[in-house]
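For reference, the structure is listed below as structure tokens.
Chain naming follows the written order as A, B, C and D, and within any one chain the residues start at number 1.
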Amino acid sequence: MTKYSFKNDYSEGAHPAILQRIIETNLQQTVGYGEDIFCNEARALIKEYIQRDSAIHFVSGGTQANLIVIAAILRPYESVIAAESGHIAVHETGAIEATGHKVNTINTDNGKINPSQIQEVLNQHTDEHMVKPKMVYISNSTEVGSVYSKSELTELYQFCQENNLYLFVDGARLGSALTSSTCDLTLEDLANLSDVFYIGGTKNGALIGEAIIINNQDLNENFRFHIKQRGGMLAKGRLIGIQFAELFKNNLFFEMGIHANAMAKKLADGISTKGFNFLNEPSSNQIFPILPNHLINQLQERFEFFVWQKIDEDSSAIRLVTSWATPEHQVDNFLNQL
Amino acid sequence: MTKYSFKNDYSEGAHPAILQRIIETNLQQTVGYGEDIFCNEARALIKEYIQRDSAIHFVSGGTQANLIVIAAILRPYESVIAAESGHIAVHETGAIEATGHKVNTINTDNGKINPSQIQEVLNQHTDEHMVKPKMVYISNSTEVGSVYSKSELTELYQFCQENNLYLFVDGARLGSALTSSTCDLTLEDLANLSDVFYIGGTKNGALIGEAIIINNQDLNENFRFHIKQRGGMLAKGRLIGIQFAELFKNNLFFEMGIHANAMAKKLADGISTKGFNFLNEPSSNQIFPILPNHLINQLQERFEFFVWQKIDEDSSAIRLVTSWATPEHQVDNFLNQL
Amino acid sequence: MTKYSFKNDYSEGAHPAILQRIIETNLQQTVGYGEDIFCNEARALIKEYIQRDSAIHFVSGGTQANLIVIAAILRPYESVIAAESGHIAVHETGAIEATGHKVNTINTDNGKINPSQIQEVLNQHTDEHMVKPKMVYISNSTEVGSVYSKSELTELYQFCQENNLYLFVDGARLGSALTSSTCDLTLEDLANLSDVFYIGGTKNGALIGEAIIINNQDLNENFRFHIKQRGGMLAKGRLIGIQFAELFKNNLFFEMGIHANAMAKKLADGISTKGFNFLNEPSSNQIFPILPNHLINQLQERFEFFVWQKIDEDSSAIRLVTSWATPEHQVDNFLNQL
Amino acid sequence: MTKYSFKNDYSEGAHPAILQRIIETNLQQTVGYGEDIFCNEARALIKEYIQRDSAIHFVSGGTQANLIVIAAILRPYESVIAAESGHIAVHETGAIEATGHKVNTINTDNGKINPSQIQEVLNQHTDEHMVKPKMVYISNSTEVGSVYSKSELTELYQFCQENNLYLFVDGARLGSALTSSTCDLTLEDLANLSDVFYIGGTKNGALIGEAIIINNQDLNENFRFHIKQRGGMLAKGRLIGIQFAELFKNNLFFEMGIHANAMAKKLADGISTKGFNFLNEPSSNQIFPILPNHLINQLQERFEFFVWQKIDEDSSAIRLVTSWATPEHQVDNFLNQL
């Protein structure tokens, strides 16, 4: 029997509407390298949401987006500040360092960083014998499922501007973050409150693809050279253009986030009802319930998920991830096992 | 009126059989990062063709394949030898240098390099004040449409082995090369006559994707770390696995190459019949006829293609590229304009 | 009035015996790039001390030594583990990252790291989505003046060998470390208990220069290519060879360490006698007394030194550094001000 | 019997006046890292010659100067144009590529490059699929002994400015170039006709050291971070400061160039008188006479020099290099052997 997987939000292919559009446009000839009509259609649709004339580039994955953006913006001696749990700090096999840059890390409780923590890092970097921190990297939602509020982001961006730091938001799971009930941010807000961010397609219903949005025009200079140099420029760039056009038509991107969050909330509520706690407050499509080990063992016979962290001898936190594709009946099945 | 484009072999989407398989498998859950059943199916199918237990990795594009392979294999002071017209030497925005390695170039007539030219490069590099050439990079077919014969490749690989050089074959257009009437190489031969090569999907009927085949097992050590570090590891690696499984089922990969070549040959024959010459002998899906400028201007009203090179005041070489998707009637239309 | 400086151990030129030898040999013609008779003489003398046929290379400074060694040894996805206070982690402007490698840091009390801390780092790095730690970097003496005992180093090296990690010892202040009264290590021990280390000349009486000692012969392959590529190969390599020959003739290197330590000990004893404490136990030529701020202000009128760290509202730790050149009467002068 | 060496201009130590000053200042305490009074004295002296308030930095060697300058100035996708015989293109073990940048090379007859050759390179680089040439690197004197005239340099710099290219002059042998009888350039001219250049100490009478002169103030931003990051910042920076102070006091730098050139000219005249030709016109301290192989063999019994290039079966070009330290009687000895 196949186990249903709550391991991640990239277990399935793509939303059917996206596949449909790929098929319909299949034999239409286009120019290559992201300058085709589909990419431009996607750009226009995104710009309606953000209400800015930001530069928009499409690449195939999150690590690629991160390394291209950071390597493009920083000078060799400049570093980027991130949470210790940040994707670039841990889970990219040193991709940022491979482009020559140090990641200065901040220890956090909930995956989010704030101005006073950044100030501490700045205080430690005083002269040319040390790197010069020049960018702040945050993920929204974070790697542990938390989301930034509008006031938190506003405060962060203001601090960055006052301190000549660029703010870059990794939006691999932005769909879930922006539609979280605990989040009061819009895509337009995000564009106004960051220098660069990217919108994750891979983890929100696309086959592949992330859209890099450069709000600070200075940072867009010759950006396409950087994409090409790092191997991120697809000959058939149309593939990502078509998908993002579909994602931002008819609100599909947000509707998928809403569904993922609803499934996560149903899981969380059910788990909570049974009297279990969480590693941190459930707020997006990743939740981290703490369960007895014997129950975890039982659940593993029917479901796949990550055991995240040992809590004590008898219990552990697990990670459950939902997506646009999570069927409600599998959520029910899971809850029925508790 | 839309002009028909002979500009390149990545103007359309993918072969319908590939799309069909993507749709059929869409909701099947898989693990990520290239370790899913589709990637494994593709690996098994390719291994049947090459009759070796080579390591096989999938990445999204050609520049990415090149930079990952080269950066993974070379030590910091080692360089790679390529034709001056080689893709890595000219058309990758310094992607190889961005990983820290020099490209030593060889001036060629037809895009192909031979042992005596490599020997000259080796002769010039004698001590630690210079880089140490350690790899030979060739493209098959080359950037100017020529293809290597089995005896040429055999001689090259033998020379490389005798001189402790790795041989890496860029197969962005391998589909057309292996099915060229001037080519006596099989995929199996290629695997036996190189340390590493990649099979291009993007330019032969896939949406995206290239398969890196590592025949020299020493070079595969921790290769997945390199893929991840350079941003080449897709969460939904299945997307490329599904495509390569389809490409190497029922001979589809080769049939598309055959069609592309047939269309190119029909174009070449028709052009030749009209009395025009070529920049070099047509042998794959890229041909370079030399036409009078006034005729080029006329053709440009109906077709898109690159004007490759000025020949004299009155004539230029153009590049025509065919693919799996080239309809024969467009070839006829083109010939009718001559 | 010129203030006497206890700021560092590189405030003066070189030991007169070194200058004398530079003058005597000045017009003797030699080959370049570290292959001259003086470099070879220095190598032979060092080998007598270490009783091994290690490879020995000379470079001009500590950051250069560190970045060349680390970049030469690690593969792109491999990282180096260091104390948070380690020179490569903080005070080299991201020099290691600029060669593409992550530094994994360990929080320490006294600048020294031990096997269990390293094990924790290894535990966190499990697969290809993370860097692969492959080297441990320690400084002896450390950046806060502590020194490793023979048993500590033995334990560390054994752990490294069991875990396939290379051990690299930064010996910028090795002269003071090896002659510390709290240290039972010899140069020979160090060579037997590390894969690579470097002997600091700059901070122990040379004009410039560090000697890299590669005990693990595998790591010496083509090492001169790395030196050249990173700009570390001096045409007049003789300059460093002459100095190291002099340093290791007549025990000069160790005698200078002994003097530096004696001056530091006299300072520490005098300060202690007056009832002041230290940030950590004085054991080499850097000591960190905690003094009342008003006393620090008074001392600053006569002496130069770094105020290292605020302790509370009324007191701070300062750093006092002695060297081969520290005159005893300046130590007395300082103590007289307390 | 020791053979006298004409192999290079770094066979001896330093001019005695330099050593004298090192001794006199030996126990004077200074701050570190190139901010001491000697470095500042040297800066002031050089500024008198160039009559500009350029930024001046000292590093230990030529490859180091080249890689720091180029890596500091170029953005990741930008390249540097150089002669095929340029030091950075051949003899630095890929140091420039190791910082991530491509070197675009120009084939030259005499080691010098001109605007029309640069224009050709620019013409080939049209879009983001290729690197963007942004700097021109020349050596003066060149690697084959030729020197640029004021009009040549003027034309070159004007072209660079018109095309948004930076001009960087490698002055490893600038002492000989500026005092060549075929050169009408002054140090002041050079500062007015380049964005950056460096003055070579190593090959003109210093123990080690090169002075980087940044005339284009935009390029000096945070330059000290770059020096530190690449391992080029010496703790005892005073060592180079003292030497450059001495070199630019009493015209010593130029007098040594004059002597080296005079010795080279005497050699060249003598060789010419005997009826031998040269690979190229002798104009600085490197000359390339073409001699019969049997004579070369005889000369090698008494002298050391490089056999540069085979001319035909019976003769070869050799390279003879003179310096500040070349005694006239050795020149006479050499000529007497012809």
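Please note the rule applied: a contact is a pair of C-beta atoms (placed from the backbone, for glycine too) under 8 Å apart; a residue touches a chain by one contact, two chains touch by 3 or more.
This structure is a prediction, so every number in the text was calculated from the model and none was measured.
> Name the chain whose C-alpha centroid is most distant from the C-alpha centroid of chain B.
Of all chains, C has its centre farthest from that of chain B.
> Of the chain pairs A-D and C-D, which one is connected by the greater count of C-beta contacts?
The greater number of contacts lies at C-D.
> Centroid of chain C to centroid of chain D, CA atoms only: how many Å?
33
> Centroid of chain A to centroid of chain C, CA atoms only: how many Å?
Each chain's C-alpha centroid was found; their separation is 43 Å.
> Averaged over CA atoms, how far is the centre of chain A from the centre of chain D? Could you give it in whole Å?
Each chain's C-alpha centroid was found; their separation is 51 Å.
> Which residues of chain B are in contact with two or more other chains?
76-77, 92-94, 98-100, 128-129, 131, 225, 228-229, 233
> Over in the complex, which chain D residues touch chain A? Could you list them?
33, 71-72, 75-77, 99-100, 128-129, 131-132, 222, 224-229, 233
> Sort out for me which residues of chain B touch chain D in the complex.
By the definition above, chain B touches chain D via 76-77, 79, 90-94, 97-103, 128-131.
> So in the complex, which bits of chain A are touching chain B?
Touching chain B: residues 2, 4-5, 7-8, 10-14, 16, 19, 22-23, 25-32, 60-68, 92-95, 98, 202-203, 207-208, 225, 228-236, 238-239, 325 of chain A.
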